[in-house]
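Note that the chains take the letters A, B, C and D in the order they are written out, and that residue 1 is the start of every chain.
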């Protein structure tokens, strides 16, 4: 990255500016456990391909990464099964809210992309079918690419979500009715809710996503995660589908591939340059972190480091 | 761009490979005038930010750029009116075919983005309202950014399209019924069909789109076209919305912002590096040039020059 | 009909009750000419198969029958062409507002039934194709079954409607794009707007619809209009499709086949027993006459004369 | 009924005619237990308000009445709760297949009518909330109106259906996500699948539905079932919504209120005159008994006894 920019200063400045403005929106309350989080938490971590790290605010506090985990389960499945996964799920933006059943009906059970709930369930189903123990292997995968054994599921959150997740239960059974889920819906949902319950800090998230930034990325055991073409394709999917029906807006204003979660986290990557993780629980009306979106828009505007 | 790549050789090789394979698909036949074009035409032009040009095949033959012109009318309108245009049209991918009326009904007449037909009509309507003579000023705008006075409308194609354009007439009147078209539908349609009838060669297209590649782009009269932020946003919209319901696929396989037209043309840009125009009339089942898509997928794979 | 009921008294009583309550809703204002009508007009005419007539209020004042005319153009077309018309239009309720384009897109241009706008346009198109002069022959048909030469189009209303009928223009061109309109859209729309501009009194309406009440109905020239099976089928279509997305509600509360128009008119028939026409311009939020619905609900409740 | 008609002869004749023609369609196979039924079974029972009964074929063989039971659970719930049930479910035809989730999404969890699956589940939910033991009380209700204690659930079919009923599980959880199901989805589904597993003969069905034919109907214990207005309203709902997206077609061709089930049964009623039950397992492409539809169309055509 251009060495004339003082990144610590830049993120401090933007952090202060964003913090000074009213924190608008609603933290996710439909999951009882998530509703307990302090909605004023706010953290940022930037990690460059030159291995520098810059943090501000609550950047070392764990939070529920929720849907951000979908990129990781997709990556693991893509690594294991290759392009055959695209028979079961598309790569097109949906133009609809994240849990819409309408498109599934029109598309006969093939979810539009792997980052909406239905698509992520199909990916979970594939992982269950092609691993001994999907839950264990998925966790191990994240720990490896993050070089950190202190990454865990939150059973409390997984169970909290399952207890009220009627829409997701509907979604999974609906896809099953089209035969695009092969395992019992309960098993798929169980893994799905666990996957979304992973907890990380901004720092851990920024580190974890370096495999999508650095073409030469290797784990501590010196293994690559995805080949270059696969990594590019994951980035392309995040670019067009990472923010539900605000994906175009994010692309328009931020100009980076990224993914958000209802816990208030957002990860974005600039291929070849850096990854950046932001966390602030209050969500805008599209379900994406209000301050997270604002922070990233300011960041790419000020640094002129979007991909476009 | 990296000077170790011999671009002329690369495009020649891919051109030959793609030409050797069967040319699948159907040239657009719904517009009588377009149906007359030789479906085996095939041309490519690459232009770099260092001002080099590389061409192969029918790269200096004029063809109907059709929907590619929507990026140009959007750019002119954005230049004139700034961000106020986003009150009238969105920036989200539609997830639906280019001429779908379903989403317009749900969205109360606000088209999802300016690159689907309905959105482009709203842009035409804005240009009519804010210029003396939209048709003349739009043509002048293209001639300026292309530095070429030999760019023209094809009245034959415009009229041919109008004579059978029932779906577009429906679309324009439908948006008018939501009051998101301010001028008489006939006037808007007339400009719209003319806009789509612009004829250019691959070389002219590649030159024309350099204003979205080069941050320092100026016309021959030394005027900038868009500011940097605006150009980035146009690129972001092309990235997420440029290929109708194959936008995700294009992003996934090619990894560049771009726009296709039913005449068989595709323009793609790599911000900071190059623009590339391809033309081959046969279209795949999503309405995008079959060979054009194949050519560009090979090109970014071989050169490793996607934005991701 | 059961001779112990004093119909004049019944309709007088209900008329007074309904008049005493607040007149809720909005008269149609989107058609400039219709907006001029006094919204407090209120008339009723009941005509029995024994040829008795009972009227109250403004029952001899002309008003624009609007969509009620669709039953008459359907009847004429059915008479001329027989069951072949069902290749071009369905008989299912739409479950959607009267001018929805969504279903047309899903159904590839085949309107759900002949009483929604799109279906009525297809019927108009058929009449144009199979008559010398659809406008003249349609008027003659109504005059015959009403035994009244003083029935006319309102050119002022037809033109008023055409000048603002963007949704209908969209609809007609949309169906044309599926090739389910054979004549030029402008010609079809012209006849369609004329058809809807027919003006009648409640008395004339009640008389006109006796061909759907009386199995032995003949015109003054001693000609039957439809055969018994055809008349039953028209009644069945009115029952399921006559009130747009309030058809179920009307069936539920009134229990008679019928048809409403945005001019505030409603015709209902009890096969074998009577026809009844009501007119009151203020419409509920589904586009049906507020007082008309209330009057008819009371009427069938009090007389116990629904078909169920 | 007109005493000049020899009903036994009429139904024998039509039965023979329909039997002579090829039996087209597919018996429901998605429920393993239903797939075991002989698809060539064919029975008819007509019962008049004068208490005459006419039967032909397999009219005294039990079969799974499936969705026909929805009219009975609706009637019991309407009897217990009155018009308050319409806050939770509509009375409009859906214009969509019986298990569509699309409309539920648009309508925020309020099913269009109580005869589509989602609506019937809401009715089941109401019964569970307002009875001690919904399963027991529902069975008792049917036995009473049928004056027959030999009516039972088929646990084998209920369980068979539950084991593969992913679409219905999706539906119930989806409505629950809109909070229009108050009890646990599993409990509602359990009752729902039991309800649909009721087995009856054509004779029992025809007898059971006399409460919708005869204004003076009383059970053996001399209790009325519904008041006249309620019975008429149930009939109106059957008329517009009884045959999924073939309701208009049934109304058009048969002209009676009725309800079909995927077991191949159809019940139809002529208010004030008769009820008629038909059973033949092969279904047309809309999910309604092929021979059942044909039989009833011939029956009302020949006897001229439709309601229109």
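Convention: a contact is a pair of C-beta atoms (placed from the backbone, for glycine too) under 8 Å apart; a residue touches a chain by one contact, two chains touch by 3 or more.
Given the structure is predicted, the values throughout are model-derived calculations rather than measurements.
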Centre to centre, using CA atoms, which chain is the farthest one from chain C? A
Geometric centre distance via CA averages, chain D-chain A, whole Å: 48
Please work out the Cα centroid separation of chain A and chain B, and write it as a whole number of Å. 32
For chain C, give me the residues that contact two or more of the other chains. none
I'd like to see which chains touch which, written out pair by pair. A-B, A-D, B-C, C-D
Quick check on the complex: what are the chain B residues that touch chain C? 100-102, 105, 166-167, 169-174, 176-177, 185
Show which residues of chain B lie in contact with chain A when the two form their complex. 90-96, 103, 112-113, 228-229, 231-233, 235-237, 239-241, 245-249, 251-253, 255, 257, 271, 301, 304, 306-308
